[in-house]
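Remarks on the structure that follows.
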Amino acid sequence: MCGIIGVFGTDDSLKNTILGLHALQHRGQEGIGVAWTDGQKIYCEKRLGYVSEFAKTFKLTQSPISVGHLRYSTTGKSEKNNLQPIVVNGIDLKIAICHNGNLTNFFSLRKSLEEEGAVFTSEMDTEVIAHLIMKAKGDIISRLKFALSKVKGAFSLIIMTPSALIAVRDSLGFRPLCLGRLKNAYVVASETCALDIIGAEFIREIEQGEILLISKEGIKSEMLEKPKIKRECIFELIYFARPDSHIFSRDVWLVRKELGKMLAIEQPADADIVIPVPDSGLFAAIGYSEQSGIPFSYGLVRSHYIGRTFIEPSSQERASDVRIKLNPIKSVIKGKRIVLIDDSIVRGTTSRKIVKMLKEAGAKEIHMRISSPPIKFPCYYGIDTPSKGELIASSHSVEQIKNFIGCDSLGYLSVEGMLKVVGDFYENGGFCTACFTGNYPIPPEDAEFISQLRLFRDY
Amino acid sequence: MCGIIGVFGTDDSLKNTILGLHALQHRGQEGIGVAWTDGQKIYCEKRLGYVSEFAKTFKLTQSPISVGHLRYSTTGKSEKNNLQPIVVNGIDLKIAICHNGNLTNFFSLRKSLEEEGAVFTSEMDTEVIAHLIMKAKGDIISRLKFALSKVKGAFSLIIMTPSALIAVRDSLGFRPLCLGRLKNAYVVASETCALDIIGAEFIREIEQGEILLISKEGIKSEMLEKPKIKRECIFELIYFARPDSHIFSRDVWLVRKELGKMLAIEQPADADIVIPVPDSGLFAAIGYSEQSGIPFSYGLVRSHYIGRTFIEPSSQERASDVRIKLNPIKSVIKGKRIVLIDDSIVRGTTSRKIVKMLKEAGAKEIHMRISSPPIKFPCYYGIDTPSKGELIASSHSVEQIKNFIGCDSLGYLSVEGMLKVVGDFYENGGFCTACFTGNYPIPPEDAEFISQLRLFRDY
Amino acid sequence: MCGIIGVFGTDDSLKNTILGLHALQHRGQEGIGVAWTDGQKIYCEKRLGYVSEFAKTFKLTQSPISVGHLRYSTTGKSEKNNLQPIVVNGIDLKIAICHNGNLTNFFSLRKSLEEEGAVFTSEMDTEVIAHLIMKAKGDIISRLKFALSKVKGAFSLIIMTPSALIAVRDSLGFRPLCLGRLKNAYVVASETCALDIIGAEFIREIEQGEILLISKEGIKSEMLEKPKIKRECIFELIYFARPDSHIFSRDVWLVRKELGKMLAIEQPADADIVIPVPDSGLFAAIGYSEQSGIPFSYGLVRSHYIGRTFIEPSSQERASDVRIKLNPIKSVIKGKRIVLIDDSIVRGTTSRKIVKMLKEAGAKEIHMRISSPPIKFPCYYGIDTPSKGELIASSHSVEQIKNFIGCDSLGYLSVEGMLKVVGDFYENGGFCTACFTGNYPIPPEDAEFISQLRLFRDY
Amino acid sequence: MCGIIGVFGTDDSLKNTILGLHALQHRGQEGIGVAWTDGQKIYCEKRLGYVSEFAKTFKLTQSPISVGHLRYSTTGKSEKNNLQPIVVNGIDLKIAICHNGNLTNFFSLRKSLEEEGAVFTSEMDTEVIAHLIMKAKGDIISRLKFALSKVKGAFSLIIMTPSALIAVRDSLGFRPLCLGRLKNAYVVASETCALDIIGAEFIREIEQGEILLISKEGIKSEMLEKPKIKRECIFELIYFARPDSHIFSRDVWLVRKELGKMLAIEQPADADIVIPVPDSGLFAAIGYSEQSGIPFSYGLVRSHYIGRTFIEPSSQERASDVRIKLNPIKSVIKGKRIVLIDDSIVRGTTSRKIVKMLKEAGAKEIHMRISSPPIKFPCYYGIDTPSKGELIASSHSVEQIKNFIGCDSLGYLSVEGMLKVVGDFYENGGFCTACFTGNYPIPPEDAEFISQLRLFRDY
């Protein structure tokens, strides 16, 4: 749950990096960091808070290359010390590293590096990559290959040196990463919406296992290793990416609308209107309405003045957020049998509050429909789902969840239906569905992995 | 263009006031002010910025009565000195005043008060009301009647003393004001969405010309004068109020949807999809789609991390805002003939940028449809439209506007169609349509009024 | 206890005003305000905190005239709303007013103005002056004469209009005010140290009862009324003014040194060293040492990183301040019989802590000597002494104070000795000694005056 | 030029650490850092700015051990990234390191560590120590001995682990470090003034080459190596330490007074008064006056509202600082032949401005006397003197400096006189006098040392 971007080949690279981060804000709201260069050294500024706040007071400078990062903590407490990019101004090599993903062998790597005397100054798994790169010999590509041969897990990386921009995607391709062009400059970013805001043209996605080096000599592509299978994160399509982005060769909004159609087929409802939980359920609701013929309506108004529920830190804040974020329109709701569409249920507490609000506003029946299967397993690859104990579907049946939420009926999309929509309906297919199925493409290193992860996450 | 609220009868009045202001944030984003009491004196805190920022650091205290105000400058520069409530801790009378509207004889009143030695410390027309109240004799109702018999123009007022809460609406009823109940407490607010967020129940709207006094003795209602006609601001329904509010006896969202239907009848288009300019055109687009049978789609994604275009101060900021606020979804747009729905066109510059973005995203044709008539005249009653010279429709024909904006066709709703929708199709009807028709219910006092208004607005 | 300054006749007036306020910082540390003009209107910026903080972020602009004010609250709570200058941009008259002093009939004046409908927005007595000026007719001089004929008490005023700078001193001349020249520009300020920092040359002091008008036509002097006696505040010389200033025709440092000599004559001590409480007792200690022949030494080191004890708001803060502000040098102190010199004792709590520290550091005997008489009466003219109940000398004998403080002997300078030093040893002489003698030059209006003063001060 | 402190054995350790840092503020004004522990991990907070600012908003927590650091940059740019303590929460060892001094082989150590893959995240030489400690094996003492056997230069260190506090002084003893007791708790700090503010009792200084380990088992002392000679920084006594501190077995104030007496013997002057440059020349001036019989006076008043000239970063700021910091008292100065005493001259620019001010104030003659020899050589051991090119005495004769400064005569104390005062008049004596004599106790490693130092200092 991070957003990354890099720009090469224009003096405005830093400005464009910040604009791009603004478009990627939904991927991380805890803090922002940018790095730039004067051709000699790499400079860096990191701050907690939103991009728009950052941009108000940050002093832009010209730089031929820049990278940027938005953070939501997957490992490590939310604090300034854990923001990226990680910058190392070594005597021989100067780099800034931006990472989206999560390393599954971080703990053991850090331990063995420390035993050799390494000094870690943050709790970020990305710092392990920095150490391995500095330890390696040779040119930057050789160093990267060495370092990335040691780590396991999910990583989309954007790295800059004073003269080059490098983009890497792990061999399973968990996280998205795309390439664009803006006149003579190149842009790499988590999602295409970051290209759009800059006015850059989309070229292609970075391949799974690809290392892309952009320098004055042009673009050079190498492979980390021969990838056998692909495991792109299906939750990016369902929830995380922006609807106007194009990732994993698919239009996000269209996938969501089609999921809504499939949901209408699998989980029909006898109702008067279809309303989305804004904005997460919007496209699925449009699809559900189209397929079912039940009129689409807007029954919940969202305040423009606050951020996204799911990725806010403390559960107390979440509680009041629902109330101050969404307001039901009584005259839409009153006396109606409602199909309420959302993309997923995590803890169930937000859905419960929404259903309660709608009932108080006079809804006659509420048929909740979810355009993805129940989330039963935590993600080890960078989506900050809570631990298994907090995922309501890992310990409750659909019937029990329905009762907890208080709706009149509850229907989830099936795993099969979901995979049919994304066109990937076979065992060795291209998507990671671990959060729904428990089929982890990279199994936890050992029995302690999860608890270690939590250990680092919690202090 | 202000939002006001007052709460009486609960120790949490201040907390509820701030929550209510959060729901009214769309009515003013420059600054917030709240007042409260310890039963003796009235205290006040005012700050530039958003309610959510204010709430982060403001220290709540208990108070039986509180009032709050959100400001966008209609007269006077955007500065802290011009925030409300205006608080006067006189030896005999202590009051806090919150005003939504605009006084048309402010300048001459201030001048004559100054000639008598009055000291004005702000540029707000509301300060004139404070002076007149302090000048008057008798109880607060007598004082208010005296003061309000002197002023002309639009005013919805919420006033507190250490023991009472008072709500007033001018005799023509330009601005909305409603009454709600929360257990034993009362709430008055600009719109019902502020009642909803608190959990208060809507009772009724304050009548035109009504003075409502809420005290320990209960509610007492008096009239300023016998109102003859009603002139509620139709632009509140079209653009300004929140869609989930109920004002002027109407559901805002429903009026907008019906305006969209009427627009589809008056201004049909041969197209593949209907898309709204989010969020202002949303309900009209749903209505247009329903009426025309052209599928509704979502082709512009709005960033959640910035506020509302129309009421941001400087035109430079507006320019870049469009780009960083809206992103077209290419795969929705590409090759399509589009009906683009918005609620109004002010300067035309934003529409122009949106059309340009959509064309660049591959739109085949763009048929822009506006769910209100052309805005040709400035508002003197509290909506901060720019001066006549900047209103594109005051000097350009629809054909010329179409060319400026760059769309393939442009159609506005007619005044008649609009009035038919709001059910008010006769000369002495209840709505002020001055911005569309130039029929000002209260004519400017003299030839200098407008320039005086601008004079105060511009330094 | 305020510092005021005005500059006329240079585009750098605002910069010089701020520099001058920095030199006057000892006169008020709660907040700063400056006003300037574009020739049409008067602009103003006020902030709580120090001048050095203010200067960091305040954006300088060019202005031909500027005024500035430093505040320590004499009436009214410490809050931003009570900072000066008071600016009124009336239609006919635009002025900014800076006031040092205290009006003794403020309460009754405000009351009668309010009865006529006046609106007060602060708790400052200065606002009464603003109202009276706006009420008056004629040119600014006539208006001032009218306004100042109504007020009683102490006032040194610096007032600006968009075209003139005015300096006024009340007829008894309580507070200092001086005139200087900087090339073609004029400066008026509370003390000459503000002239020095700008590089301005001292011309003369404003006379008691004088109104000085500086405009493009040059300097014009008028008198408020024929002054009969002079009552300059002797406490300015003893404690409040900066030692490098020249006020009331005297060098402050020299008066203090001479007070120390007189103290040595009146209150000799058998001791090894003389040490000052830094910095307040410095010059008196030098004088005491010279006169007595007991060697001067430095036994208490003062931290450079905090402000002045006496004028910090809360008593809790004062407590810890003593400890973190002064450190005894053990090797100077140990085994010594010490004459400890300070300029005054207010509550006695600070002296007590200092004596305790010195005893703990090994002092054999401590003979405390105070270079002024016991302060027994509160000041009504602008020095923020605490109420009578808190002034230790108003209810305790010298012997009792000695016991409270814990020193081995305690000696105050006599009123006669003090007056002899300042050369003013007769009944109708030029100094106000009310805080020592209770001889108030302007008696409190009526029995309620003091309590009213406190009333305003305390909420 | 840093201040360090550590407290062990009281839950209030963090509060006492911050109080102590306040007393040490003169040793570094760029930034502050503190570290504390919950017995498991070490936590840290670092901020640019003053201790008093830090204390306003820092949330105190209870911790049995704490350390603190004040920074003025000797290597590395003034930025938050270069503040200390350096905290490493390694899996096996968790430490926080505070360093006062400067390592002369930092550059080559960092280079060889980087060649082994070490990642440096700051430009501080102290980070080398952290790396070496983490690389070493065994208990903390063994690790420290290993690490400190590699580094050369000046280091007084205070280190904490979650269960111990360690104090180390290098074998030559360049920088001071003392031990105190507060009931059952121990305090180690740069100077005794930090003990005083806490109320701790001075026990002894840490020996040169001593490692002191304070834990629940009590105090344990070991030696790094057998020290042969001592080289305590004489400039600490002359200028840097606070006058109320006791360091290097001497009372700082007394050394300064005696230096003033010796100066009067070596460099007599025919004059009317002796005045110090406050506060640096205060005690020397008292000594000069006592010895010469010329009366001591106070002719320059220092503003309380700004910090110390010498250690402010940019030369532009220094320029205006002189003017806004010191004001001559004309009536003391005018027509007088003045002996002006200061402790040292670095660039000469400040002295020049002071002499100019005094001349403008009417001084008849100014005889400048400096209570130390000319500073001709940069310091490599932690005093941030400018490079040789900027030290006026490295390229100018006393006569030339006199002419530059504009005084009538100029006299420095001789090296012999200075050493006589500190009782250390022989070749192998105990003080480092390199800045005066060029006799560097630890010669720069190689020809590039100085330029490397500057390289790191300048970017």
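Note that the chains take the letters A, B, C and D in the order they are written out, and that residue 1 is the start of every chain.
Note that a residue touches a chain if its C-beta (ideal position, glycine included) is under 8 Å from a C-beta of that chain, and two chains touch if they have at least 3 such contacts.
All values derive from a computational prediction rather than experimental measurement.
Visitor: Considering subunit B as a copy of subunit D, what rotation angle in degrees (nearest 5) results from a C-alpha superposition of the former onto the latter?
Guide: Nearest-5 rotation angle for the superposition: 180 degrees.
Visitor: Of all the other chains, whose mean CA position lies farthest from subunit B?
Guide: Using the mean of the C-alpha atoms as each chain's centre, the farthest one from subunit B is D.
Visitor: Just the number, please: Cα centre separation of subunit A and subunit C in whole Å.
Guide: Result: the chain centres lie 62 Å from each other.
Visitor: Subunit A to subunit D: how many Å between their CA centres?
Guide: 50
Visitor: Centre to centre, by mean C-alpha position, how many angstrom separate subunit A and subunit B?
Guide: From the centre of subunit A to the centre of subunit B is 37 Å.
Visitor: Residue numbers in subunit C touching 2 or more other chains?
Guide: none
Visitor: Using the touch definition up top, name the residues of subunit B that touch subunit C in the complex.
Guide: 40-41, 87-92, 110-111, 114-121, 123, 127, 130-131, 134-136, 459
Visitor: Considering the complex alone, what residue numbers of subunit A touch subunit B?
Guide: Result: residues 19, 22-23, 25-26, 50-52, 193, 196-197, 242-244, 246, 251, 253-254, 279, 282-283, 286, 290, 295-298, 301, 303-308, 323-324, 327-332 of subunit A touch subunit B.
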